[in-house]
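In the two complexes that follow, chain A is the common piece, with chain B as its partner first and chain C second.
Moving on to the complex of A and B:
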């Protein structure tokens, strides 16, 4: 054999036995080695601006890009120092003084100072931004008046910068969960100077969130954003606690189809999925329980009924729809992840609050109500459309309820499915009749679910409003005694459910898949997992 | 005296009888024909005979394998798979036949006119076909769906409206070949009009390729409907079609294999039958094949 040939042969053989030739290394294996987390995130984010973030994917990504005054403990989410190194609380529980750490910096190198927070909060509260979550800031004195346009003088709002590193916030009323509230995206600081460099700061969609322009102050910085493909975040060198951050990058994959996401996981493309098809839960539980997680979750699924629509303006029809849903069958037979039938919008698990009796499943009463409304047996009732975002799990629920309404009430419902971004736009514009949706608690208090249905809430979208409901929530917020407060909230919830602008379906659990190499991903009620504390163990 | 037998004049067989006799000898084609008739009848009357409705759910039961009550099992919502399969068959076969009919009508007329008249008209017509060919087909159908909303009638029309192109080309080339033959010359010299020559003299002579191509179009269209439903652009729930059932089944095949096996088998059987029948018809209708 000629020497040249021999050399070639040896080269080929050694190349092919080297790791990576016979069996290609998967993204997960490579990620484990390089500390790159591959994360399925469900729907594609519409924007990466924390102030207008409303869906879980947007909140998830912005939580890695920004850091608020306080951060969350990875185990139980109790408030820990973030940009604020420490804080004082006055004895009347109304005045909070935050002392900002001097080494907190934006990803462009500028320091994060007290006025950054003031400018950011001003932005959230400015009516032209139309931030859905602006209502979260109402606990601050004068914030509500500013947001509703009663005053355009931000000095009236109870937030002041004592100096560059000291921030004082005066509350409207004592709020036991105020520090937890501060971790919500609506409270996060944004780089106003950067935003203004790219256009109008007080309206939506000015484009400052594009890669290359984006500036944040979180543990990670935006590197790449390809819509419907992936979002790449890299560890931020300017983050004050960068030494503690162990992941070098996070790749978020917007895979709206739970089936496709599960396939990606199985082929080693994802460390963590956002969800799992209902039909596959049992198979995973049986075959690879180590990969399956069913975490407790403060999350309720419900239908929003658009009361501005002529048919659904009729309360009797709405209540008939609510009564005709067999929640038990859906939660126990259709879903397989320990979900519970929900008769109220507040899920179980909120300490110190017992939800009211809520909406039972009573087809007979439903039929009687529909007949009372003038449509016995559903005759003469115009066709109703049910909108949901494209997902096999959502379609299953929609189809199940469609059949319940057809069987029990004789109502014809057409199912419409759209991409998540389209659903969001339709929802904001009020262009829907019935909308399948869910709500994840933002903090551990029933008001995170009940504030939604206030007539001035940016997340209401049903068109329903009730002065008595608003008044009950108003006085509950100003009631110090926990038991009395819970009673007021309970009364408000019962009142709302009786009017049925929404139809609760089930209290969810978070069912997802996770590779064994992922560490620091603890079960938390709000499904928050501060990425700064996550790492990969190959 | 002549023998009685000699008095009998040999009867010429018609094209159809000849074709039928030849087809009958092709076992696969006969099997295909039989299977198609059986499937068609089952889809037509089956759902009426069943005690279950295609939209009727039984969440208590959920997905269960074949049993005495549900011969082919049930899906995750507890709906009877047999009824959904037969109801879905109505949609799939209906789309297949209707779209093919649309394609056949447009394609034959268009191709025959272009082929017969030739010249500039032919060039213009066939370049139109070329341009339509170059349109990305799926995008076109999806656009139609988005603009006009989703309804089954539109699905027929949309698919038919793009499936006629190949038919037009085939018919045109056949017409061009046939129009130079002597019997057309004869018809011309007898003073027949163009319409009569096209429809009474040329078309019957090129029926073979047309019928063959038609039987091949039906499965193509059914696959397309399946594909559209697979993408979520086809029929709307709770209606079913074979495409919808196969899509659902494929998502759940590890857990509930019957949800994929039965619809898949039914669909494959139909496609095979159509292809066998098409093959058989091609041989049977070929006038040049020997009359053995």
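Moving on to the complex of A and C:
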């Protein structure tokens, strides 16, 4: 090879590999300029119909496409006017009258009126739609009876349109968190006429949510939806508060692999990730703390103890297990995302509710209880199995607790891991002894965690039930005074934790990455970030 | 397979003999009869293989239908329990409330009309739509990767064979061993780290512009280039020692001509046999690449459908892959016979 050619080749190669060469403008840079937010969203949404939305990704996208009677404040999610400009609440907290704003419009230009809400709630409650979250509407008088088929007359349900812009809702019992509940997708209005134009409105599989057909009333409208690829929303010109919406578009990317999502963030394809690989938290904290967020989240991890199993039917054994867990070590040494040790099932931060003292870590008391139960030093105790669904994080926690129980109590625990849906099936059938799980709250009230342990709850799965616990929750639901209600709930939680059908482990956080240009993305307990308040600062 | 009274391989001989005698008699010389002589066994072979494939496909469908049903958990098993009423309504909507044998017959009935049913995960999409939407993406990824694999593999293998035991041979075998030993989920992120994150030339994920095709196709192609290069080298070395190559060289043909016109045709036979499983592997095995690079292809749907217990999508993708693999194997068998007259069309 001629020397000149060789020199040229070396020059080209070094020029091209030098940082900055051939670098294109990234999606984030373009987005900052054009106010287009690129958002990693984890799972792929199955549908964009708010009434059948169940996973976090579906709820996230539908929150931008639709608006309920009330909306959420971007800082702490307290209810602020949405489609309803204002509302009155009766002194017994049972009757709510909403006054709809005249300029609320669907994306097809039609006005949003009171009967739109009635038709939508009727749709959610109609059994043939099989809406998973229909139970959210049970606080409305007669809603449960209608949903369960006891009556087919929707007039029996406590929701009436006084006129086109006035809506009255009568509740079954005082529900202090009712306004917050209204932001859940199950309560959102849907365009019944549009749905009917594409098929049956009260069954699934209608197809009205496809781009070109989709009609919403939110700050953004659906432009493009390519499953497992990308969802594009554009600012809706018909939205009543469009002047305050600063983003021109949102691009959602369903990226299931957190590793792939993190790489996309680093190449400037995403403004915000849905998650962050566990192993990378420390590196980000060290090298780029400005990009790392560990926001508090309404999510608790705990073990379910199956009280139908002979060994775990013994309350002393259950309490011994609960007391022997070193939660601080798990939260601080094992997990590095700012998780907090949990002694109760309700996470910290719920306004107006202070959880009880709960289950401390006390190995001495745990050993004493186990001896009282007839198994001093764990001798003679049958082998116990701990089931968890296959994931590296779950394995870490299960192994740590297995070691704590062996060290403190002399108990041998066998770890079993299964694929997620297999674990769910085993749980439903009650075929487990100890099961690692978690719960994400649906709304900002302790009952979103405490209702789980009612004896008639479909999510209990522990076999534990207590008439006094049920009665306390029942009374709390019918108590209008906030302080008295909180006391009743606190008493119920203390009672449940003392019986130890569950062992709280840690209060989780939401760990993710965010580009410095993103503004208005505040830490909120439900991880909701009303997009109309988000903007990009180039 | 049971053979007919006349062996398939005997038919061309009989027909050729007939033709010869005809041409000798100068009465009805017919080149079309000659073509028929080679066409009939081919037709017999294809028909027989198609029938075998149909039977295999039926068995695959039946086994998959029942196996996925016996896996614990169903399409509506979720973290949050639904009430028994809601579950009943959901099951009734999708016909899951009927006895399993009835559902199986219903499925076969629909399948007969080309209807793969609605997806359980995506309520407003049918399995036919999902497949039609995702297959072109995976096919593009697969074909481009195959191109990369063939170009790199055959080039490296050929040079390794010509310059046997030289540095280029060692380089080819090093590249080959590297490609075989390092899995794509390691090569993929490494390439992304170097060329996307540090150099900034490419996106780390997505399938939007032509630049997004480069990294995934390189990674997937590289994994298959390795065995292709080894097979090319082996095949060529065997052919290069044969008499007809010596004859070609003796005639004064250039080395380039000897390799490209004479040696490669025979030398590539092992590669052709490998291509059937390789194409099937590239298409079905693209799941890892599709996940690393977030490509909206059918491989991701295939794996996700199993974890979602999306019964109809599982069946749809299994049928697709089964048909693909069977068709590819058939094509390879025919290609082999065409490339190598020594290969008999065995039914």
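Here is the rule we use: the second predicted complex is superposed on the first by the 325 of 538 C-alpha atoms of A that agree within 3 Å, B and C clash if a C-alpha of one lies under 4 Å from a C-alpha of the other, contacts with A are read in each partner's own complex, and residues count from 1 in each chain.
Assume a residue touches a chain if its C-beta (ideal position, glycine included) is under 8 Å from a C-beta of that chain, and two chains touch if they have at least 3 such contacts.
From a predicted model like this one, the values you see are computed outputs, not experimental measurements.
Trainee: Between chain B and chain C, pick out the one touching the greater number of residues of chain A.
Mentor: It is C that touches the greater number of chain A residues.
Trainee: Tell me the contact category for A:166 with respect to chain B and chain C: first, second, both or neither.
Mentor: A:166 contacts neither chain B nor chain C.
Trainee: Looking at the overlay, what does A:253 touch: chain B (first), chain C (second), both, or neither?
Mentor: It touches chain C, and chain B stays clear.
Trainee: Please work out whether A:479 is in contact with chain B alone, chain C alone, both, or neither, and reply first, second, both or neither.
Mentor: A:479 sits against neither chain B nor chain C.
Trainee: Counting only touches as set out at the top, which of chain B and chain C does A:149 meet: first, second, both, neither?
Mentor: After superposing on A, A:149 lies in contact with chain C but is clear of chain B.
Trainee: Counting only touches as set out at the top, which of chain B and chain C does A:196 meet: first, second, both, neither?
Mentor: Once the two structures are laid over each other on A, A:196 reaches no partner at all.
Trainee: Figure out whether A:135 sits in contact with chain B (first) or chain C (second), or with both, or with neither.
Mentor: A:135 contacts chain C only, not chain B.
Trainee: First (chain B), second (chain C), both or neither: which does A:108 touch?
Mentor: In the superposition, A:108 touches no partner, neither chain B nor chain C.
Trainee: May I ask you to decide whether A:309 touches chain B, chain C, both, or neither, giving the answer as first, second, both or neither?
Mentor: neither
Trainee: Could you look at A:29 and tell me whether it touches chain B, chain C, both or neither (first, second, both, neither)?
Mentor: Neither partner.
Trainee: Do any residues of chain A touch both chain B and chain C, and if so, which are they?
Mentor: 259
Trainee: Which chain A residues qualify as touching chain C in the complex?
Mentor: Within the complex, chain A contacts chain C at residues 16-17, 19-24, 26, 44, 46-47, 49, 52, 54, 127-132, 134-135, 147-149, 203-210, 226-230, 253, 255-257, 259-261, 263-264, 266-267, 269, 419-422, 424-426, 428, 458-459.
Trainee: Hey, which residues of chain B end up touching chain A in the complex?
Mentor: Those residues of chain B that touch chain A are 55-57, 59-60, 62-63, 76-78, 232, 236-238, 251-252, 254-256.
Trainee: Can you check the complex and tell me which residues of chain C touch chain A?
Mentor: 71-74, 77-83, 85-87, 89-90, 93, 118, 121-125, 130, 133-134, 189, 192-193, 196-207, 291-294, 296, 300-301, 304, 307, 309
Trainee: In the complex formed with chain B, which residues of chain A make contact?
Mentor: 259, 277-280, 282-283, 326, 329-330, 333-334, 390, 392, 395-396, 398-400, 402-403, 406-407, 414-415, 417
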